[in-house]
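Order of writing sets the chain letters: A, B and C. Residues in each chain are counted from 1.
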Amino acid sequence: MSTTTFKIFRYDPDDGRDPHFQTFQVETVKGMTLLEALYWIMEHKDPTFAFRSSCREANCGSCAMHINGSYGLACRTQVDNLKPPVVIRPLAHLQVLKDLVVDMKPFFDNLKAIKPYLIPGDDPPEKEYYQSVDDRKKIDHHVDCILCGSCYGSCPVAYGDPKYLGPHALLKALRFVDDSRDGATDERLAIVASEFGVFRCHTIFNCQLVCPKDLNPTGAISKLKNKIVVKKFPFMKPFVRT
Amino acid sequence: MRIRYVFKGTKEELKLNPNVGTFSWFLHRITGLLLLFYLFTHMWVLGSANKGAEAFNQRLSAVQTPLFHFLEIGLILVIFYHMVNGLSITLMDFANISSKHKSLVVAVVLVFAILAIVSLSVMLPRLFAPHISTGGLA
Amino acid sequence: MIFHDVVVVGGGLAGMMAAVEASAKGAEVAVLSKIHPLRSHSGAAQGGINAALANNPDSADDTPERHGYDTIKGSDFLADQKAAITLADDAPRVIYQMEHWGCPFSRMENGKIAQRPFGGAGYPRTCYGADRTGLYLLHTLYEQTIRLNTRYYEEWMVLQLALDDSGVCKGVIALNIPEGKLELVAANAVIFGTGGSGRIFGNTTNALVNSGFAKAIPYWAGIPLKDMEFIQFHPTGLYRSNILMTEGCRGEGGILTNKDGERFMSRYVSEKVMELAPRDIVSRSIATEIEEGRGFEGGYVHLDLRHLGREKIMERLPGIREICLDFVGIDPIDTPIPINPATHYTMGGIDCDKDGITKAPGFYAAGECSCVSVHGANRLGGNSLLETIVFGRRAGEAAASYVKELPKTGDEATLTKAQKALADRMNSFGRPGGTEDPYQLRTELQNVMTERVGIFRTGEELEEAMKEIKDLQARFKNIRPISHSRVFNMDKVWIMELSGNMEISEVITAGAIRRTESRGAHFRRDFNKRNDEEWLHHTLATWTPDGPDFSTSEVDLSKYPPEERKY
């Protein structure tokens, strides 16, 4: 057992103080995850400390935060791999409700804007839709997004404009565009080609870098851009990959 | 207000996301703005020089100084960076090779370095021996 | 006071499905969930969901009837047979429904939903989406609720059920966590889809939020809990963190080996089933190996996937590999995974029938929190995701038709009374001057449960556990005061959860003491045989101030007579 220094963002709307950093000495053991360290603080040092968590296995997307210079899931991060002092902040671009808890409403509102549900092309058959193994492969990684918000926090464009749909929503849009069962491609492309859609993206790659599920929202956005380009200018087809 | 918000935000983003991507984006934006600034000054200089032979000679000799040669070197590096990075972004989008981001960054740095070395090897001597280059141009 | 026609508590698969179905049937619905719906633990389910679709060439003659039979046999004949048959019959329909809604199931060469073998099933019947089936299902249903514009109250934790004097459910009292306010939510019908309670135990595959509290709420309100002594231990929890290594690992061909490299399952079951015996049997086999000194130092055995090869692992079990890399730093492609059995599932729950109807009119339950009884004494893998959707749907439908004729007004008097009862309960612990550390108590309780109420039970150990639980309950009354912070008071949330664990652990243990036989997941060393004469019935526990009052109810055996359960 050893102790590690943590510097943690604190804010409580009720206590009249400005947001600040508080230092904690945490007793860490080998194999301890950051999430366990946060619980250690809450249980042993300060019961008012607030953060979100649920699955503790990098699957539910609750615990995304800014950890020592990058975004990631607390439950998936081993304390041993962090250089002390470990600096923890909440996700950026979303209003802080308390400590590490942010208001995810804009994040989910953006998701809703892209109509994140299957709009079938054909009437459903009696059994399942036919989908070939190759067609299923096209959506292989896009469907693994856990909507944790790491990418959204890391995206400088999302800072500039809260209406920017964001990597998560655009990735989800591609998940449906590329789904052989979906029949609303034109409508979806029109949504993401809008003022707050894909063309706001500056190809900065932070979203791809931070995604804890190793997904590639940047690539998804590129792909959507290309699909829109080809739709508007069919002669571009040989020059771009959709 | 808005401007301050932009500056503060950019600073914050750089601090919170110290990644290649953030820096290259930031540099791209700065170089783009510098180029814009350069383009207008360039037009203005050319425009004001276009008033007869005397005015032309006077303007030109005003910029044929070590300081301006130094700035020219800066300009060429700015152009190269903006160009190479811009092309790589375009390639990244059109060819959809975003999963190869790391290799592309390496390529950008390499191409930029080659271009820089070649142009510096031409321009640096000019900076230290102004008479040769002015002689050649004037 | 807020009023909604139907209030669904829980944003997991069961809750959302109930909400979707109730609004499809014309009811006005709102969903309350203590975490955002996508954070529910349904999303952690990996392996798959059962339905006799007969898509796999090896399952061409599979039928719902066989699915029903496997479920009943797997339950050690404690399942209600009509309910189990309903589960199997409804299965294909709901799977197709989920597929039509966009669930990205993996596919077979013929373009149909892929199916893999799972323990205790006669055929490869488990439909899957890689090893993220739960995640895909959860997101698909959430997407449908977006389409339907379902009203959500996210991060509202229900603390109390409001029943009027004649026992009719009139709504709930909830803590609005972000704002720190108590909210009175009136409703004509309340559907609970509040999930599992593995966190009563220390070594669990469950999410941190899966506590016993949600089962304690109806229990305190006088609604009986059924078969709570049946706790499933999953054979393959990752060593130390107990994160689940899906049964799909074995379904795809993974094997279990002890420290001598021996494939030990042959000692316990026939060569035909080996690692794919039902979970209770595999868990006991592993525990026996470890107990008899054939486990590795520290108490684990190996789950070996190496022979499957990189490609298959990457395609079918990518999530498992990711978890291994993240949490133990090994790659299953070239290293066996250290595993031990871990608390996984609560077969028991709120006593209800196959339409979610409980003792209290207007109060419905579905999903893992309920006990229809389709799982009996042991649940088969892949049946509980199915249960959430099948019975979530049925409960939604039943609630919608129940509220149809009722006036659309809330019963404020009943809610105010419930609020008072809640205040009394909350004042019974954490008073000024209290000294006990609640989190210390939580750990102690979890240890008691893990060590004494685990895979192998004996009367003596259970009695000891009971004494310790009583002692912990007394100490719990004397915990330090709860933090006063208003916004996002996690201290309050966790202490409430703990208050539920304190109650439910007693119900589990008392039930286990009573049941002097071994059936399914409940294994008594001192009574190691199934005893149909005395114990072929459900256990019902009803709350009284002095602990659970037990009664029994009959098991529906209308289709298959009980037989010895052999694999």
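Criterion: contacts are C-beta pairs under 8 Å (C-beta built on N, C-alpha and C of every residue); 3 or more make two chains touch, one makes a residue touch a chain.
Bear in mind the structure is a predicted one, so any value in this text is a computation, not a measurement.
Contact topology of the protein chains: linear, an open path with no closing contact.
Comparing each chain's Cα centroid with the centroid of every protein Cα atom identifies chain A as the most central. A separation of 34 Å divides the Cα centre of chain A from that of chain B.
Between the CA-based centres of chain B and chain C the separation comes to 62 Å, rounded to the whole angstrom. Remark: chain A and chain C have CA centroids separated by 28 Å (rounded to whole angstrom).
Chain A meets chain B in the complex at residues 66, 69-71, 89, 92, 154, 156, 159-160, 202-206, 208-209, 216, 218-219, 222-223, 225-226, 239-242. Contact residues of chain C toward chain A in the complex are 35-36, 38-41, 43-44, 53, 92, 95-96, 99-102, 104-109, 111-113, 129, 132, 135-136, 139, 143-144, 146-147, 178, 207-209, 240-241, 243-244, 319, 322-323, 326-327, 437, 439, 482-483, 485-491.
Residues of chain B touching chain A in their complex: 6, 9-10, 12-13, 16-22, 24-25, 28, 89, 92-96, 98-99, 101.
Of all the residues in chain A, the ones that touch chain C in their complex are 12-14, 31, 33, 42-44, 47-62, 76, 97-99, 101, 103-104, 111-112, 115-118, 120, 124, 126-133, 135-136, 139, 143-144, 146-147, 176, 179, 181-182, 213.
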